[in-house]
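For reference, the structures are reproduced in the following blocks.
Each of the two complexes below includes subunit A, the first together with subunit B, the second together with subunit C.
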Partner chain A sequence: MNIAPPRSLGGRILVAIAAVVVLLILISAGSWLWLKTTQPIVSDPPPGLLSVLTEPIPDGPNADLIRRGRYLTIAGDCASCHTSRNGRPFQGGLGLQTPFGIIYSANLTSDRENGIGAWTPEQFFRALHDGVAPGGKHLYPALPYPHFTIVSRSETDAILAYLKTVPAVHYAQPANRFPFPLNIRASLIGWDALEFSPHSFHANPAMSPQWNRGAYLVEGLGHCGACHTPKSILGAEIHDQAYRGAAIENWVAPDLTANPRTGLGRWSAADIVQYLRSGRNAHANASGLMGEVVAYSTSLMSDTDLSAIATYLKSLPPSPSHPSPAPEASAMRTGSAIFFDGCTACHLGGGRGQPGMFPPLQGSSVAQQNDPTGVIRLILAGTRTAPTRTRPSFQSMPSFAWKLSDQEVADVATYVRNSWGNRAPPVDAHEVAAIRSKLNLTHPLTRDQR
Partner chain B sequence: MAKGPGHKVNRRELLALSAAIGTAGAAEALSRHDGLLGGPSRRYTNTLPWEDGLTDAPDAADAGGWHYLNDGEVGFLTAAVDRLIPPDPTGPSASEAGVVVFLDRQLAGDYGNGAHFFLEGPWQEGTESQGYQSRFTPAQFYRHSITAIEQAVGRSEKGKAFKDVPADKQDALLKQMESGDLKLEGPITSKAFFTMFLQNVLEGYFSDPIYGGNKDGAAWKMIGFPGAHYDYSEWVTAYNKPVPGEPVGLRGRPAWERG
Partner chain C sequence: MAKTMPKVDVVLVGFGWTGAILAQQLCDAGLTVLALERASARTTPLNWATTFDQDELRYMWRHHLFQNVKYSTLTFRNNVSQKALPMRRLGSFLPGTGVGGAGIHWNGQIWRWLETDFKLKSHNEAHYGKQSTAGLTLQDMPLSYKELEPFYDMFDRICGTSGQAGNLKGAKQAGGNPFEGPRSAPYPTPPLPMTYGPKLFEQAAASMGLHPFPHPAGNLSQAYTNPLGMQLGKCTFCGFCEKFGCGNYSKASPQTTLIPYILTKPNFELRTEAEVLKIERTPDGRHATGVTYIDAAGAEYFQPAEIVALTAYQLHNVHLMLVSGIGQPYDPATGKGVVGKNYCYQTMSSVDVFFDDKLLNPFIGAGALASVIDDYNGDNFDHSGLGFIGGAYIAGMITVARPIEMVRVPDGVPKWGLEWKRAGTKYYLRNMAISVHGSSYSQAGNYLSLDPTYKDQFGRPMLRMTFDFPDNDLKMAKYCTDRAAEIAKNMGASHVRPKARQGPYDITHYQTTHNVGGTMMGASPADSVVNKYSQSWDVPNLFVTGAGLYPQNPGYNPTGTLAALAFLTADAIKTRYVKALGAPLVTA
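Presenting the complex of A and B:
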């Protein structure tokens, strides 16, 4: 079945209205699914993935094309989503949690039946540019085709040429778990009508070539906005809030604008390059989902491209500062005691941290995101930084879920978010309880056991 | 070591001993959750596994009830630990600090089961420096020892239990155990029991409160130990000054709680 997206204005409006009504009904069901299916994050690298991404490609007839294709595949961070925890590189099958259900990533290996082995360059371009797979099958925007649409045809050709060299894995990913009618792919016609129109990249002549290169990478293959831009109720990026940070899979993808408190305002372009190359800088360490981005994408990119990305990100106008209610004195008092006992070993008094090893909390944008999800998650579950070629050792923060009650997590988070010049909304114990439940983490010891 | 007639118990001696013995009880309990004790060997290549939220959490003592000890043993131990560490103005007695609870939880767990001991034969009498030599797990060892001690006490004290004899007599009996002069029926010597018992009492008195002893960090407050701080680098240059604040256990301290 090959359904062409309606392009007439009347058709678009009708389909859009229908889509909104249906999706609004499904929001609550979607939230429920999200809560029920969250898996623990495991940061062990899938076996063999890094070597597939880094081993020299031997000389041959198409070597230059294939090398370019692999670099672009890296720039698009295809590996992070298209490789499951114990799967072979690019075999797909990783379950992505979305507010609407679970979607399993596709097999991108050269397998002709399940992978892209039989795809033509035209079909591959249509998938990335239009969001439509062979046979007219509409793709879910978990594949960030709203970003990939600007990737040029010569680049999609190179990516496909590389993927066809990835050893075939005869594996079909599980069926997506979406409620009706989202499980009907035709429902995506409505989504596309509302939220998406294929387009190409147009350089801004007023800006430098470096800035334009950065814009092309960030907006296109890098698809940074897929996590860092707040989403509408339909799961589409809200363009006038681009890069202002958003919660995703019980993390927060921080604000990337020039906001000095929540964004990259205090980071230099060199800081950004260092972070993307090594996973660490004087301000922050990359872990969780961003750790995967650094490990399998940015740490393997050229410094020229990383500098271009930094130039573009540094040009983003600051997000507005939100008013933040003053924290309760009692929360600050208990939070201070917990911080002194539990956090100063690594983060030191005054939240000074040990830059490059343990991130400073004073001035930390991660700590000061308006949405406290990321801070709560870090305290409850801990995290481990991504290893990179330049910083190959792991840094880890332990889980405090067994030790701190919801109120104690809330208070120490409130303290960190409102000390040493930091300012961010106080954290409530109920917010901690909700994330503890979503992460399926243990309840803390009781007071009797203290 | 026990307080004899005309001899004030010397807390300094206890403290010196405790420093030498360290926190074997605490380390023992922690090792339970690493999956290595008694489990199959595992091999890691490339990286060590990591899972967010997974913790090697200590095995906290729960509140209420006895898990291993019977009433007679609780009576003996409560009386005996309080002769080793009686209450005084500087700190609580051992039983007030929860040492009997600590002993009970340890004997009910891996320590009591001898999970880290080689318990197969041959059972020969070892030298002094070879430490604990017994076919018994520590839990069995306590049970057999206390039974044999109470039998010996009953013979010499007209059928009374240890807890019911006067304090000075209890001290004399403990001294006999320390020297091995108290003769017991069966394979256990009173000296071997006293050695393990004293060590466990010190462990319980100074353990992290999470394991049942050292209630409210009282023993740590007594000696000015700041508790389970991970790192002291901020105070390294503050010579001869106490570390500020009340001691903190693995599970925190009162200042963590909303007043």
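Presenting the complex of A and C:
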């Protein structure tokens, strides 16, 4: 299967100009927006969303089509982006933080004016397959149409049939906050010409049906690469680095390749299924953005599909290992003391953790990502394990931002990344400061109660 | 004019342990359930994270998790000849407030009553004659240990209780409590490992022919996933359990065992900052129509419900019954009436134990880290000629060594100055306390009523507590404390200081938050407020949970039994009451 879009020779000159423009934007306004973005420490599940995704669909004329459509909607994790905090299911309006600006997700409810109520199946297919909305309006690739392009017409028809049953919410999302010229939709013509070509899924006859099913889900509706694949300066996935992990919204979407240190090399296929089903396994807990993926998508998928996803992911060749300079002894000494005081209550001595409850840090791929953004963020902001139907607990890691200095966070991160056989580049206090400035954290002790 | 809200099947007044149990059970049965909680929503990471939880000044001394007397208090007197005054600072007991209630700041000591505790009056009179209960107003429970056992077991499975069974289906088990009633299953997790202090107690007790066993603990010995999929972590012995929330999910609480599961239910709703003022009834008074509550902005609401359940703390449940005019208030002068009757407490004594030559490192502690003997509890020993009934469990316990509270020095050391500092430093790591956790039996003059003088912030009469220790209980305390002191001496202690509880009851110093009775359950409306299913005799669609159901308090922490009773109540509602709405489950 070839998922790298073919590029036309003629388009290259045109898009090279666009690339220069975008580069300039990045340096000026774009980087300012990037720095000003903030996230909540703990996001609450939007009210009613899980019910909408799980309540039985009553028998009726199109019940089977609608049920299939809802399952595919779940497989595509449409709900996570298209439901804003405290918003009604699928009403849109969630601000997605991109390096280029903030883009607000669209209303997917059956509302005829703002939602998809008036869309035809053909129009809906074109949006997912070609990235073009009704009226010829080019969509921003925050809607991952470079992945959805392989979704079949019969499946987009089913998804639309389901979305048309979602109660209408008369709501229009705010205007996107993009600098010129990205705020002009025509700029996307250049992007598409460079980075995207509509195509279909072609099964690899050399591989098993299960592997092909996994490939179809991971590359298509699952759009895993949208977070887990490093991006070019233009925000497009770098295909020869697929699934090697990338920073996103002050998190790191970890390496999913077979690399034993940073990737899924130590995970069995059953481990992957357990993680996607319950949000936790012997290696890691799902939280943050992946927590949403598990809560509103994978935990609601069939065992067959989760096994297929695991089979495909386990086939990804390992990413190259990066050289890692040895940490300074003084950082390790300080980090060790902080770890003993602050971390062992849950992660236990030796970083062995309480598998399934609090993740082990020994051998943790999250801890050993080359990019320390994720580790720094976890220590500064804390996080919450995604509650799922089989595991409704939302055990959380508290914020340490109020209690540890940048240097202390760097030292304990360095210690965790280089103890018990772990190995990853040491963390510098400046890296911590940079991430701290992007997180809008409140002091926990200023909260009071009646 | 109160705004009327959409009707629900069940409204819960308060959202602590019993509210959460009813919510889980009744939501799973398909009923729509609304919980009204007077204070705020609380979660582990935001309210008591490990990064700031172990703060003795904030949580213990400044009462951060407890009911704030500025908003809610009661009046107190020792006996009817006194004028009661409002408690302006909590002392001997510390009720909680907010989601999770006192289930957040409890120690996690999970006990069952003895089989004889369920038929306390008849058992004692049969063995020791009618005069043994003279002066006391004891009553039998309307149900047996055997009937409650499946629900005790359910609570153990929810909590993941760590312990060693002493009686499995009638077969005695080595290392457990030989006096306990038969358990249908072992504890879900093994007992906590004993540290040095409890180990010394265990060895001393065993050498005296007593039967030590590990305290049943809601501080878990290992990670555990309960039948609802809720997960708890391994206890780290930080020692900040009682009066603190647990930051690393190892203490069983409504938050760690039930509430996140309940929140996934579409037929459940929680409203916080919603204080219930009154239970409303039909004009004939025989049916509850719902409750009136007030929100934080002062707006009033009427919440209609098919079933009203009082799931607040015992004191508040009694208060709501009284201010709503349900049931006949108890009058100690005539002995008539039942609401507020048989208020009891817990008769807490202790023995301070000091070692010159042993380092106990008591900062390694947990809420239920103890070796215990039950040889002197209930009627586990012959009371002939002792002049009292009842007893206590005796526990060599190290819950913690909080640095402000627990600087203990032997007798003879000055109370301040250099000598005190030297002794405090020396004995900080060399002392422990043996807890003598005694029964509290009802007598005619101890009761709860409405205060004739003081009103609360909503204009309702405050609850008035009238209580002092009965002679029976003080004699019990002396006897059991002497037994504990004998064990202390056998531990090789250098100094032993027995502190048997003495009267009069003093509300200013912490003893325990085990307030019980006032809405007791019984076999007939003449002598109780509710039937064995916690259903009001007067208003059949009103249910009352909690320790208020106890006609007296055995020598155990109340949470295990009140939780089991809540599971039994939920079972009766979902299997029987919903099929005959408004009908009494027991014919009077």
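The definition used in the following text is that the second predicted complex is superposed on the first by the 414 of 450 C-alpha atoms of A that agree within 3 Å, B and C clash if a C-alpha of one lies under 4 Å from a C-alpha of the other, contacts with A are read in each partner's own complex, and residues count from 1 in each chain.
Criterion: contacts are C-beta pairs under 8 Å (C-beta built on N, C-alpha and C of every residue); 3 or more make two chains touch, one makes a residue touch a chain.
Fair warning: this is a prediction, and the values are worked out from it, not measured in the lab.
Enquirer: If we overlay the two complexes on their shared chain A, which of subunit B and subunit C does A:Thr83 touch? Say first, second, both or neither.
Expert: Touch status of A:Thr83: no partner.
Enquirer: After lining up the shared chain so the two structures overlap, which partner does A:Gly382 touch, if you call subunit B first and subunit C second: first, second, both or neither?
Expert: both
Enquirer: Looking at the overlay, does A:Gly349 come into contact with subunit B only (first), subunit C only (second), both, or neither?
Expert: first
Enquirer: Applying the touch criterion given at the start, work out whether A:Leu439 contacts subunit B, subunit C, both or neither, answering first, second, both or neither.
Expert: first
Enquirer: If you stack the two complexes on chain A, which partner ends up touching A:Phe394: first (subunit B), second (subunit C), both, or neither?
Expert: A:Phe394: touches subunit B and subunit C.
Enquirer: Is A:Gly48 in contact with subunit B, with subunit C, with both, or with neither (first, second, both, neither)?
Expert: Second partner only.
Enquirer: What is the contact status of A:Lys403 with respect to subunit B (first) and subunit C (second): first, second, both, or neither?
Expert: Touch status of A:Lys403: both partners.
Enquirer: In the overlay, answer first, second, both or neither for which of subunit B and subunit C A:Ser297 touches.
Expert: Neither: A:Ser297 stays clear of subunit B and subunit C.
Enquirer: Who does A:Met357 touch here: subunit B (first), subunit C (second), both, or neither?
Expert: second
Enquirer: Quick one: subunit B or subunit C, who's touching more of subunit A?
Expert: B
Enquirer: Give me the intersection of subunit A's contacts with subunit B and its contacts with subunit C, in residue numbers.
Expert: Touching subunit B and subunit C on subunit A: residues 42, 344-346, 348, 382, 384, 387, 394, 396, 398-399, 402-403, 445, 447, 449-450.
Enquirer: Spell out the part of subunit C that touches subunit A in their complex, as residue ranges.
Expert: Of all residues in subunit C, those touching subunit A are 39-40, 42-47, 49-52, 64, 68, 71, 97-98, 223, 225, 228-234, 236, 238, 247-249, 256, 260-261, 263-264, 266, 273, 296.
Enquirer: Any idea which subunit A residues touch subunit C in the complex?
Expert: 42, 48, 50-51, 55, 342, 344-346, 348, 354, 356-358, 382, 384, 387, 389-400, 402-403, 444-445, 447, 449-450
Enquirer: What does subunit A use to touch subunit B in their complex?
Expert: On the subunit A side, the touching residues are 40-45, 288, 330-331, 333-334, 337-338, 340-341, 344-346, 348-349, 380-384, 387, 394, 396, 398-399, 401-404, 407-408, 411, 439-442, 445-450.
Enquirer: In the complex formed with subunit A, which residues of subunit B make contact?
Expert: Residue positions touching the partner: 46-55, 57, 60-63, 209-210, 228-231, 234, 245, 248-253, 255-259.
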